[in-house]
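Comments concern the structure below.
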Amino acid sequence: MSGKKLRINNLSLLITVVLFVILFIFGSVRYDHFLSLATFLNLFNDNAYLMIAGIGITFVLITGGIDISIASTIAFTSVFMAYWMQRGVPSYVIIPIALLIGIAVGAAQGCLIYYFELQPFIVTLAGQFLMRGLCVVISEASIPITDPFFKFMALGKFQIKIGNSSALSGKIYYYVLIMVVVLVVAMYVLKRTPFGRSVYAVGGNAQSAELMGLNVARTKIGAYIISSFCAALAGVVFSFYTLAGYGLQNMGMELDAISSAVIGGTLLTGGVGSAFGTVVGAMIQGIIQTIVTYENLNTWWTKVTIAGLLCFFIVVQRIIDERAKAAKGKETASA
Amino acid sequence: MSTNTKLLTMNGISKSFGKAVIALDDVHFDLEAGEIHALLGENGAGKSTLIKVLTGVEERDSGDVELEGHKIHPKSTNEAQQLGISTVYQEVNLCPNLSVAENIYIGRAPKTKFGSIDWAAMSKNAKKLLEEFDLHIDVNKTLDNYSVAIQQMVAIARASDIQAKVLILDEPTSSLSQVEVDKLFAIMRKLKAEGMGIIFVTHFLDQVYEVTDRITVLRNGQYVGTYNTADLPRVELVSKMIGKDYALLDQSLKEGQAEKEETKRGDILVSMKGVSHAGTITDMDLDIAKGEVLGLSGLLGSGRSETARVLFGIDQVNAGELDINGEKVTLKHPIDSIRKDIAFCPENRKTEGIIGDLSIRDNIVLALQAKKGLFKKISNREAQKIADEYIKKLEIKTPSADQLIKNLSGGNQQKVILARWLATNPQLLMLDEPTRGIDIGTKAEIQKIVIDLAAEGMAVLFISSELDEELRCCSRIVILRDMKRVGEVSGNNISEAEVMQIMAGGEDQ
Amino acid sequence: MKKKLSKLSENQWFWPIVIFLIIILFNTIMTRGEFLRITIVDGHFYGRVIDIFRNGGKLMILAAGMTMVLATGGTDISVGSVMAISGAIACSIIKGVLLPGLNGSVAAAIILAICAGIVCGLWNGFLVAKVKIQPIVATMILLVAGRGIAQLITNGKIVTINSDAYYFINGGYILGLPFPLYIVVFLVGLLILFVSKTAFGLFLESIGCNSQASKFAGIKVDKYLLAIYTISGCFASVAGLIESAGIKGADCNNAGLNIELDAILAVAIGGTNLMGGRFSIFASVIGALIVQSITTTVLALGVPAAYIRVLKAILIIVICLFQSEKFQALFSKAPKAKKKEGVA
């Protein structure tokens, strides 16, 4: 018998993968041209930024915290970069600055939460409004990006073609590689570095982690920094994707990121989760979006479906948790 | 290695909390390499504060600590660990979501040559380490798969492996069975032979005599003395722990017992017939009569608090029957029990008892208000009257009822909680560790209140891990082990040894 | 007199009222009295102060509901979306797009819109109390999905309606005073009456400070959580009606957008601890007036609207910091440490 939390993690991921396959089959049966490599690859092309942001927030969720400022950070990053590039600042200067701002925002939020024991939701809610407000302060209108590097990243892609079948051809944009790098680094950090392990320890039992001599302050603040940094990086990728900076972009995307993590097996109560699961969670959302597009439905259906799916997964996690507890109780009773 | 080397010396350690509470007053302690040193004293004697000072959890007010001749002043457990002082606490302080191996090695995991955590080496080391402890389990499973006893062993394995010079075991045996305790002692002797200094805090005197070399006794935050275990008779040890109050307590004990003989058991108020709750109690039979103080004894996790939780509707009855005043009842929520005139002072005062940011007045009327319901509001004037009455009656030390409860001392907080329940005019009052962490004066007061209440006809269920306290207050003691009722003693000839023997189980005695 | 004043200042609503009066005074001086001028046209009162009360109506209602949610240590960020749903339902019914069988009855539209708000609140309460999801995530689900639902009701279009009876909710006057004010007085008054005449307030404060201990004292925590989220949803739907009556239609993209920030800020200014615990609905209502008057003032000073949101976000953090015990300790400790140095 494997650990109860591990089981939740695995089962959630299993349900997710099965769901993904079902949705893919559903789409393939229902629509022409759906079943193709392109459809699959487009999930990455269209959701790379969501995956990056989701991986970031997974760190915070594993520590048992929450960060609802990330969508605003994405919007801010893209507006901020677009604004300065319009004024002639080169991309290789502005991208690092934008990422540094992301780190600063995360550090500020993390410090307020850890050192003054403010509730994460209030701090990141305020952060959300602050960043969103700053977007509009910079520019209310959408600013187009014409920087050559951005254009290169927006349009540059690998063509993939297996044989002559059109179903087996597709393209991957360069910026997807950024997501892949983030995923690999995140998986490495979570599994194989002391920092990553203390993220899990803090989420499992912060007091124990402290008593075991782990640096809880660094872990918690670090998680918020990673979350905001990933959001800023997602903002950069999002700007590649849209070639514009617009302050009202991605409203409510926090929920998408949190859903990706939860659907991918992260527990909102902390202690359990994985970067890979989050990416699969984001793919589920991508495929729902694709189906909604094929069905020619109002795009709001995507939001409503994803919210419903999030509820479903949280309820499933709770049921497994309760059952495991009851089972464990019986076990000790019979022992 | 010479056994006379002073590994650790603590001199003139003082620590106070606020102005009123002096937890440690000029305390001395020393530890030699290769010895097991018992740190003894009643609850509130200052043992845990001394340990917290040593491990950097609490900042000392004055005094020196020397480790191997060097002055040290750790500011955190981490720092203490790096100096070579590690601790195993009574409650397991590990992470349930991590694997066994990781719980042992987190923070100092073996690295591969690329600098990343070497999981294979970690599992291998963990397996080897635990095998030394005679523990053969799958180290890759998460910790929450294993029993508390195994978790405790893992914690000890972790602590001993951190190149510890000083190992502190803070009541590690309270949740272990005899077999497990023996295993633990074997490990302790092995570590001792390797030259480690072990500080052993426990309530069980048998264990002290079985395994320790020396004893240091604290009382009321003060240093009483350090003795060779072999030279200190048991009776003398007890009197040193209890101090000059001994004669006094003995007197009150006799008086209490005289009273106990006078009080006849009244009608049965509550009766449990074969009650079970999955994982906490099995097949429990228990009768509680009006006017008696019934003690529940047993080790941590034996089902003593758990029985009270079922009676208070926190945990539901899975099997069996629960009768109150001869009527079968189902209790689904504490309010159901409160409406049946049952009251419960829980063990964790801070998390389950007080509402810290509310006034004493609000804290006192809360349960009564819940009993009356949402719409029958107790007016401010009425609330004030009730609060004042109990502040006077229970001698709660506070300038006014408007004071926030979190600003009171532990003993006074406990009295407020007691007042909360007395205000509901209960027929059955359940007290779980009502005197834990409370100064001796208040402790005696609370014990007296309990005996008086029973004399007035109230039924009291008294749960305490301090046997002498139970013996002093209770007319009857039911003993639990492994979630089951295993015995009962009553009358004026209850002996501590008898109760302990039943508690510990027959297999080895 | 002095004693009376110091006793008065102990009330949680004392300082909010003082701040509100200072803002009014500031505006009066800045506009040389113009601010306070109230004109009577057709027996209706008009003026800047009246506007603050009228435009602040929604916020006062939301703040009242939000106070109780925050007092339990939770939050409800879905109020803006619930407003959108309520407006969408009411306008669609009046227009006859939705449930044409009702023949565009305004009364039915209002009742059904409020029912929808109650259902939304129940849903939030269910997720928080029964499924035990953190309030921020639970209500975020409705924050995002709710606006989607509103869009689906109106089919993604802005629904404009033509109904004087419906307009009355925002623009009407009774005895010279704007109608939203009566709604505020009725709803908030009812709530304050309920809280003060029953033990509801004590129970909520108790739950907010320590929900576990509250359960052990016999309080049915789940039931009360369900109740307050429902009240919050219900109040949000009423606010949604006022808003849609004001713009004479339903705009699902913008109805109640970002208003949760204002509502939380209003409660914070009112002195309720956002970590849960002591609360005062009246103080929050004054807080709402302050937020509204700050908005009015800043706009009158010519500052772009965008800056206000930044300002409000910073304000919330500052207020939270002052409520934080750790932050307070930072300042109470500092002088002590200095003293020690002085002695040594």
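To keep things simple, chains are lettered A, B and C as they appear, and every chain counts its residues starting from 1.
The definition used in the following text is that a contact is a pair of C-beta atoms (placed from the backbone, for glycine too) under 8 Å apart; a residue touches a chain by one contact, two chains touch by 3 or more.
Values in this document were obtained by computation on a predicted structure and should not be read as measured data.
A.B. asks: Tell me the shape of the graph of touching chains, choosing from line, ring, star, complete and other.
C.D. replies: complete
A.B. asks: Mind naming the chain pair that shares the most C-beta pairs in contact?
C.D. replies: A-C
A.B. asks: How many angstrom lie between the CA centroids of subunit A and subunit C, rounded to a whole number?
C.D. replies: Roughly 31 Å, centre to centre.
A.B. asks: With centres defined as the mean C-alpha position, give me the subunit A-subunit B separation in Å.
C.D. replies: 44
A.B. asks: Quick check: how many Å separate the C-alpha centres of subunit B and subunit C?
C.D. replies: Their C-alpha centroids are separated by 46 Å.
A.B. asks: Which of the residues in subunit C come into contact with subunit B in the complex?
C.D. replies: On the subunit C side, the touching residues are 197-200, 202-203, 205-206, 209-210, 212-220, 273, 277-278.
A.B. asks: Spell out the part of subunit A that touches subunit B in their complex, as residue ranges.
C.D. replies: 1-6, 188, 191-194, 197-198, 200-201, 203-205, 207-215, 271-272, 326, 328-333, 335
A.B. asks: Within their complex, state which residues of subunit C touch subunit A.
C.D. replies: Interface residues on subunit C, with respect to subunit A: 73, 75, 77, 127, 131-137, 140-145, 147-149, 151-152, 155-156, 258, 261, 264, 274-275, 304-310, 312-314, 316-317, 320-321, 324-327.
A.B. asks: Within their complex, state which residues of subunit B touch subunit A.
C.D. replies: Listed in rising order, the residues of subunit B that touch subunit A are 76-78, 81-82, 87, 89, 92-98, 102, 106-107, 109, 116-117, 119, 141-145, 147, 158, 276, 278-280, 282, 483.
A.B. asks: Residue numbers of subunit B touching subunit C in their complex, please.
C.D. replies: 312, 314, 333-335, 338, 344, 346, 351-358, 362, 365-367, 369-378, 420
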